[in-house]
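Next up, some structures in structure tokens.
Both complexes shown next keep chain A, but they swap its partner, so chain B is in the first and chain C is in the second.
Showing the complex of A and B:
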């Protein structure tokens, strides 16, 4: 009976989501791949040109290559800092100190503000500091922009990964911790041999989220530096956007870049999931 | 515990996606005004049956409210639906691209000159047989593609160095002033010594600098990478007797450097700070009397007078760069705003759009809106009977023409691409803040022009195209 009911109603309930998924994801995705092989001005008026766009991406566009390395460096730095800080704060906030709940809320709050707004707020803050200390502005050099974005990303994402780590740490069975203590393990050993292996699923999730978010970062980049100076602080997503919208006749090349971008992010994410997944232990 | 974890993760994921959507929504601020912009299919078909409708994608955010009002008036009078949408500042090309891909595409849009026309040529209806074209004072105000009139200019604008007469007169009265009347400033050398003397006496004059900040934020950098760059281009074209080129030589780049040095070294702020100075910063510095000189055009009238500077206090000087014969140089006058009618719209919509434009340039309401409310000088004959603007900066421009000075034409619409402007702008900024040298500007100017021209005209970009 139940199965039959399920079979009848399954399409009905799944349909809205399915339609939304097709319209909002599958169709644009398919169109995007098709358009990367085309020359076009508006997306419904395209001419097939084959692999020409992809050749141009790698052959001539040194800005794309620069953005690629800049993004990679940014992703490495922010993945490490966000996860280290997030985990440390999660450890602190599971010790049962007073006001734990308030701290958790406070640390999580920045994540609820949109990227553009955060970008402009931090632009003001950082410009204020840099103009006092270095007598320059955020867009003076790409190094300032880089660290500005790292700080911004940390501020926004630490609270988010912290929540996931807290859930993971609280899930570590207390009998394991107790047994380790009885066996004479030091704090460092408890952390390294018990807690870390037990929260490995959280680490997988958090590195995945921070890695893909860092690679796809757009709003914050746009609001904070907009690529200045000379597009040297441009991350990949902004480079693609600028190519597509900023240059007449380069829409197809921008689209080809987006496909390359998708392949890079997809490959990295899968590789990272595979690597960290291997380290997970069963309870 | 496990469920709790899942629950938290789900809630977090949901909140994240909400943030992401909110972020997307904030970028494109557009306004629509129409008596019926819900676009339900039934109203569409009736409107089309009555003879089409108009959708204007407006370029100038400062005029959006006036256009919306005008659209309402027209709809009330004729029953034809007119939708006006305004692209957020600096995003016209993006918005146009996105809107053109829709089934309800703009029927009326604009291009900024021959280079951008190349992108949109297939979408531009030939306006040669319309009253718009026949009402132009000169065919030079139409954007021609062979025999076809693809774009019609609707505003003529002028820029130069706007100055504050009160403060400048105060300088003339100081001891050892280089000159004692603004009429004596008619070449770069005089102007330079005046500016440098003002800068030296800035504390006595109660100002922060001779020039407003030369902001290189995207809201302000076009004043230098486009408008100021027009002067070396103008003089080179003039010397070579050409109107456009595939390869610029950069004959007047030393002059470009001289005027840029003058701007950045005699302003209200340190050159290192200009990367984040905005157009609003410069406008408010001028309006508050913190600086005497402000390079901008007739469109800045409202901003310049926002804080109580009166019409009598406003003047405009030509931008002298030290070229030969510049004593007779006037202000820079031209247009980069051409109306185009979407040729891919339905015939009914095209005719409705042309009728709307005809109404705009002939009716009292339309002419009042353009000339008085927007403060435009238009190239149409229909405005001659009483619809001239009372913008003080336009009057200053007229005085130069009356005095027999030669206006500098706008040659920047022949710049091969936006990318060229960005390249020159970035190099100017790096030079100003000391992280780059002038050679980079020369490279971006000369080599960048050749590369971008080649890229824009279908040849393969050269190796250095994007450096």
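Showing the complex of A and C:
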């Protein structure tokens, strides 16, 4: 009876969200898929060209292929560093050292600062360091840009994964730790055989978040290097943006790139969740 | 010779002094061994060092916001002296605020963030509850579409979303709220569904029997129970919307409306050479409200992130 009464209230409860969801997601998504097979400059003059856009992306666009590998390498390096540092700091902060709350507050803070602002903050610092040490600037080589973004992402995201890891470590039952100690396990064994398997759900979440974030990184890239030198430090998202808005007549190719990008991110997300979920301990 | 008398201890009984000493000793031993590791001091020093590294970038930007622009790139790490200090002391701030219209950008950012978060919380919590309670093809589809929308990168819909918003005239701070509701609905509906499932249906049935219609049931019974989730969702969405650059820069009519990230990017894009002094000052102005907000609501922010991560 409850449900039947509630059904009448559909326009009030679900309709506003549904309409906004159609405007903000479903229609643009459907149009995006369709337009990736078209040649167009505005949405109204679309002409069906089949798979031609996709062929051009993979055959003639060397910048896109470069951005793809550059992004993949960047994602691997930043996922590993962020999670290793984040987990280590979380381990230290669960030892009951004095001032834990202050440390936690400080480490989490950069997470709330936006990508554009972060990019310009680090541009100042990295340019200062690079000009002193190598007598160059950040835009001199794509390698500087790469490590600049890795450092920036670490600074921003370590605090975030740290919070999630702390929650995970605190949930490990103390009986398990005591039992392991009584059985004579060393600190390393306790970490590897008890703590790590027990915080596997947190590891799944953190690698998922950092992986998708690094793949989708845009603001920081735009502010820090904007692709310099000559689009060599461009990540995928920025490459797609430049294809759309940097040159006229390439909108169809830009949309095709966006579809490829979506498929890569989606496949990675699903594969990663599947792989790490298998390792989780059932309690 | 003392005769041994078997007694049972009661609360408040005095223990013999030698037993008391033993208990104390073992308690002390236990507390030191389990709480403090031998390297505790070392770890404290290490963590303090890392914290300093964490704070330095923000301090540096703050220091540089008082220097003349020519000296910022040349010597970003030195403290300002009589030669490098701007005169008057706040001139970087005043010139930067004038150049990019910081005040109006700040007001726009506040309107968009507060408005969107309020609308998202209200609409998606109702929708999430409706989807959980009414099992139909529609609600199942809606749920999976929301989950799906969470993994779609923004670049996928960027161009077409901008066109759709343009056709519907949503390029102003109020219209963009609809866009944020649509694109942010995925995560919010997903989280509200997960939490609404755990509310016992008996509570709602009791309210119905007492004569509440669904609207009253929702606002007087369900919404209060969902409050912790509302706070989590509000914080996650607010962090995203306040810092978002790409979506508003494509959807908003940029000649009329700017948000804080757009204004800062404009400082770089609008002029040939960047005025580093104004840039530093604007960065400081962009960071200060966030830090104040963070220090005030720290507890909720950290809880919100953990809750969001566990469910997301």
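Rule of thumb we're sticking to: the second predicted complex is superposed on the first by the 266 of 283 C-alpha atoms of A that agree within 3 Å, B and C clash if a C-alpha of one lies under 4 Å from a C-alpha of the other, contacts with A are read in each partner's own complex, and residues count from 1 in each chain.
As a working rule, contacts are C-beta pairs under 8 Å (C-beta built on N, C-alpha and C of every residue); 3 or more make two chains touch, one makes a residue touch a chain.
This is a predicted model, so every value here is computed, not measured.
Trainee: Of the two partner chains, chain B (first) and chain C (second), which one does A:109 touch, if any: first, second, both, or neither?
Mentor: second
Trainee: Could you look at A:164 and tell me whether it touches chain B, chain C, both or neither (first, second, both, neither)?
Mentor: It touches chain B and chain C both.
Trainee: Going by the contact rule set out at the top, does A:74 touch chain B (first), chain C (second), both, or neither?
Mentor: neither
Trainee: Which partner chains sit in contact with A:5 here, chain B, chain C, both or neither? Use first/second/both/neither.
Mentor: Second partner only.
Trainee: Could you look at A:127 and tell me whether it touches chain B, chain C, both or neither (first, second, both, neither)?
Mentor: both
Trainee: Check the contacts made with chain A and report whether chain B or chain C touches more of its residues.
Mentor: C
Trainee: What is the contact status of A:205 with respect to chain B (first) and chain C (second): first, second, both, or neither?
Mentor: In the superposition, A:205 touches chain B and chain C alike.
Trainee: Can A:258 be said to touch chain B (first), chain C (second), both, or neither?
Mentor: Only chain C is touched by A:258; chain B is not.
Trainee: Considering only the touch criterion stated at the top, classify A:28 as touching first (chain B), second (chain C), both, or neither.
Mentor: A:28 contacts chain C only, not chain B.
Trainee: Is A:117 touching anything from chain B or chain C once the two structures are fitted on A? First, second, both or neither.
Mentor: After superposing on A, A:117 lies in contact with both chain B and chain C.
Trainee: On chain A, what residues does chain B touch that chain C touches as well?
Mentor: 42-43, 111-117, 127, 160, 163-164, 167, 205, 219, 222, 251
Trainee: Under the touch definition given earlier, write down the residues of chain B that touch chain A in their complex.
Mentor: Chain B residues touching chain A: 1-2, 4-5, 8-9, 12, 15-16, 19, 22-23, 26-27, 93-94, 97, 100-101, 115-116, 118-120, 122, 216, 218, 270, 272-273, 275-276, 417-419, 422, 426-427, 429-430, 433, 435-436, 455-456, 461, 463, 465-467.
Trainee: Which stretch or stretches of chain A touch chain C in the complex?
Mentor: Chain A residues touching chain C: 1-3, 5-7, 9-10, 12-14, 16-18, 20-29, 31-32, 35, 42-43, 89, 92-93, 95-99, 102-117, 120-122, 124-125, 127-128, 155, 160, 163-164, 167, 201-202, 205-206, 209, 212, 215-216, 218-219, 222-223, 236-237, 240-241, 244, 251, 254-255, 258-259, 261-262, 265-266, 269-270.
Trainee: Flag every residue of chain C that touches chain A in the complex, lowest number first.
Mentor: Answer in residue numbers: 35-37, 40, 43-44, 46-48, 50-51, 54-55, 57-58, 60-61, 64, 72-73, 75-77, 123-124, 126-127, 129-131, 133-135, 139, 142, 145-146, 149, 151-161, 163-165, 168, 170, 178-183, 185-186, 189, 201, 204-205, 208, 213-215, 218, 239, 242-246, 260-261, 264-265, 268, 276, 279-280, 283, 286-287, 290-291, 293-295, 298, 301-302, 305-306, 309-310, 312.
Trainee: How about chain A: which of its residues touch chain B in the complex?
Mentor: Touching chain B: residues 41-45, 56, 60-64, 111-117, 123, 127, 131, 135-141, 160, 163-164, 167-168, 170-171, 205, 219, 222, 226, 228-231, 245-249, 251 of chain A.
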